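Below is one structure, written out as structure tokens; comments come after it.
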Amino acid sequence: MNTGSRLERLEKGLRDIGLEPVKAPGVLRVDAQPESLVPAARLAVEHGYDHLASVEGIDWPSEGVIEVIYHAESYDEDLRGTLLEIRVKVPRDEPRLPSLIEVWPNALFLERETWDLMGVVFEGHPELRRLLMPPDWDGPPPLRKDFKVKTEGVFVNVE
Amino acid sequence: MGLVSSLVRLVLSPQFFGPIVFPGLVTVLAVLLSIIWVERKIAARVQMRVGPLYILRPLGGAIQMLADGLRFFFQEFIVPETVDRVPFLLAPVVAMSFAMLPFAFVPLAPNFKPYTVPYSMPAFLGLNTVIPLTVLAMAWGSNNKFSIQGGIREAYMTIAYEAVLFISAYSMALLYHTLDFAEMVEAQKVPGILLNPISALVFFIAMIMSAGKLPFDIVEGEQEIVAGPFTEYSGIAFGLTMGIGYVQLYGFTLAFTLMYLSGWEPLVAPLYSIYPALGGILLFVKAYLLLVFIVFLRAVYGRYRLDQALRIGWRTLFPLAIVSVFLSIALGVIGVV
Amino acid sequence: MSSSVMEARLLEKEGDEEVYEVFIGPQHPASGHMRLIVRLEGDVIVGVDPDIGWVHRTMEKLAESKEALKAIPLLERMTIIDSQNVTIGYVRALEKLLGVEPPPRARYLRTLLSEINRIASHLYGMGLAGIFVNHSTMFMWCFGDREVWIQLAEELTGARLTHSYSVPGGVRRDLPQGFKEKALKAIRYMEKRLDEYHRIFFDNPQVRARYEGVGVLKPHEARRLGVVGPNLRASGVRYDARLLGDYGVYDELEFEIPVREEGDAMSRLLLRGDEIRQSMNIIRQVLDKIPEGPILAEKYLRLIPPKLREPALKEGRIKFPGIFANLKLPKGEAVARAEMGHGEIFYHVTSDGSKKPYRVRVVTPSFRNVILFRYLPPGHRFMDLPAIYGSLDYFPPEADR
Amino acid sequence: MFRGKVRRHVEAIATGLKYLVKPNRITVYYPEEAIVLSERYRGMIHYDWDKCISCGLCAMICPADAMKMYRKKGEKKARPGINYQRCIFCGYCVDICPTNALSFTRVHDVAFEKLDEMLYPPEKFTSEWRSPAEERGARRLRVVFDEERGLKHVPEQ
């Protein structure tokens, strides 16, 4: 168990719960399922990834999914060069994921923001209230692709 | 003709001249207008800036406060619907009145007492204790969370400074064997600050606390409670609330000069012989310089926390005040004064 | 500490009538562009709910609706006081996607401006920490001395705050004539001034009384809460995104990452002073070691017509190649982290192969530090709230994006 | 401990007094005085009608949608015009202009009375920029770095 660096041990642990970590420059990428998200996260905390750098949602309307990406980070010297990236896909019309606030306490505001701007519901999150958007906002979540930003052309016609 | 001369006599009588002209009402207004400008200029000088400038530029914006004061008069005085109108409207006026009254007990020169009473020192300090009550009335009447917080702070601060202010002042009374300012000045062969420096220090800090100037502007506490008890005030009423602290402070510096800096001594005899009150010019100059030093502290300090101010009051100043009493008694026994 | 204890301190308690709620902001002398809902029991804070988002500008959405290069001046406006450091992460992410590396001189120049910005940003933070305890002199001094660094940045980039200096592949302006002498004078001035700051502010007993022992954050708490920047290092965790060696020339320079152990508000303030000294040390080394050479990657430089390129280079500036207006981002994604004055900024740029990035995720240091408004104040007196706020160097427009 | 405290109080007050006696002011009395901006300052943009080749790159790269190509009815060539309500002075348009038809001026302190005035169609875009302070005869000051004072503002010769 105590062989290899912490990162390698984490990789092995992730494989043991049936995930396929992939190495990229500066990132250890894992595609997870909603069910395997919490175990993967717990494993990450055990191996030193003790806080989140980001929770992100990417809307892929063509596939009908929203991809939620967690970037976990560590301040320890051996792990700080590599981010752990856990990616989960949830259906676009019913985006639900378990909240990771018990694993990573600083998911409190990050998950709340993702719910606010991307409309992903984190079950078990204690306060899914509006954070950045106005409290009476009831339009579509602004970061989804069906929320369009008005763009202007380059040319103006004058008489 | 008779009317004019009796008017002149009235104006020149100590009972009128003291409270109304000098050092009272008229002088207070002049001090108020000038000291706020001085404060801003001093702070600006220390802080890499220029301060008020454009109103009367040759004098460096000296009448800036006159303009500000005029603005206060013409600004709308908003009375919010939710306030308790009687205390809200009455308290600033009462506060200003009680800030002005103590000047009736300030002697200006030998045999020039506006109000002859052997207890001018306690009377002076006593009248000042009414002001915190009016501030509480403002806080309560404003019906605002910030105001009530500020009112509570005022109540706490009163506990912190009032006792030590009185004890340190009474220690000087013990030293001089009198409760009268004028007799105190006459008793000072050596300035009181040299005789009992502890008492002077305690009185000095306590009077800054009382006037709510930095580092003890806890009651107004802009960064937490906006303007404390004065949050809801606008227009001329806000001008009044802002002025109270300065008026109080000016009164205290006069008292400090009388008790510790040998008042009007050495007497400017030529002026005194023209009109006795003019002999008080040196008293005024000393007090004003002290005032300038206190407003300069704004450029050095921030604000203490409420509990720290209370701790300074009870843990540091209170024992020091007691020590100053014993020091005075010892000096009295030896017979220095 | 178990996570349940941590949670108990982080979460709201509702329906307690003993509690006195005070709304600090959004229109309040000390709230900035945010609102703090403070719950008091007597004079003691039992909870603070930071209500942010009052200056939310949907930066992430706007960035994905524009061509890649256009997002640089946009993202700069998250932290306008620290604009080089806030955009360098984005530029690095773009460079990784485009497969282009800046030439050495450009990397040195980026480091130079990063550190100038860091000093200016720290001075801003220290000045606000001063005014939060009503120490107006510290406020004015810091803002006055910040002018020196803004002037330096202006002479380098042409703009006081919105530098838009780094572009994929390099920087836009070369070092102007006589810059080194000016910078060295500024450094010597600042060193003297830091001593004065100590005399009037940091060592002032009144300031010590307000900041010492207030808002203590222990190292393991700082790690678990993902706190960044000076607030993290003041809690004894030696982490700085500059150590990653991902941008600039920090791996070629000798400097220290200042760390303090106490974790209270005072150590957070003092740490900013330490970092200013280190940044000046870095600037000195950069100016000594800066190599000659191009300031834009060869890949783009040769796209500029020589007739246009040569006179511009002589003036110490570059012209953009026409391709910059329509830079096509290859399909893929890139992560970049950079150290701002406030802490670490995180970028994740995803591209689907078009000219506009498909998704730009940015997590700003202030947004990660918001959690401290929940975590630190409970148990403190109401008057400690400004002291804690001031020590965090929190910048609302940055958190709100 | 106590003595240290007293010493630090005295030091703080002494530092304040030092600056009271010898202030280190950096105020510039604008508009009586005006700072000469640095060589490469990115101020208001000047447009050279004759050099422009109507390529449209400036409008394409403008991140704030301030620069637009104005196309007259019947004319083939479009020319750039700028809306200073939107301009953020990033200078991308100047940097990308392939003929140097756009250039920076070192003027930034202009004021407009109406929003409409901030709209600069191509014809108006060619106008020269003058600093209003300097037009009123402001003294021109140069910024000099100084070890003692930080920044000094000295009159330009």
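Each chain carries a letter (A, B, C and D) given by its place in the written order, and its residues are counted from 1.
We adopt the following convention: contacts are C-beta pairs under 8 Å (C-beta built on N, C-alpha and C of every residue); 3 or more make two chains touch, one makes a residue touch a chain.
Keep in mind the model is a prediction, meaning the values are calculated, not measured.
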Quick note, more Cb pairs in contact for C-D or A-C? It is C-D
Subunit A to subunit C, mean C-alpha position gap in Å, rounds to 23
For the pair subunit A and subunit B, the C-alpha centroid-to-centroid distance in angstrom is 62
Distance between the CA centroids of subunit B and subunit D (whole Å) is 48
Residue numbers in subunit A touching two or more further chains are none
Multi-chain contacts in subunit B, i.e. residues touching at least two other chains, fall at 46-49, 299-301
Residue numbers in subunit C touching two or more further chains are 137, 144, 200, 204, 206
So the complete set of touching chain pairs is A-C, A-D, B-C, B-D, C-D
The subunit C residues in contact with subunit B across the complex are 20-24, 28-30, 43, 130-138, 140-141, 144, 200, 204, 206-207, 209-210, 381-386
Within their complex, subunit C touches subunit A through residues 3-4, 6-7, 10-12, 52-53, 56, 58, 60-62, 65, 96, 223-226, 232, 237-239, 243-244, 246, 335, 337, 344, 346, 348, 350, 358-359, 361, 363, 367-368, 370-371, 374, 400-401
Seen from subunit C, its contact residues with subunit D in the complex are 66-67, 69-74, 137, 144-145, 147-148, 151, 154-155, 157-159, 162, 164, 172-173, 176, 181-182, 185-186, 188-189, 192-193, 196, 199-200, 203-206, 305, 308, 316-320, 322, 324-326
Subunit B residues touching subunit D in their complex are 42, 45-50, 296-297, 299-301
Given the complex, residues on subunit A that touch subunit D span 152, 154-159
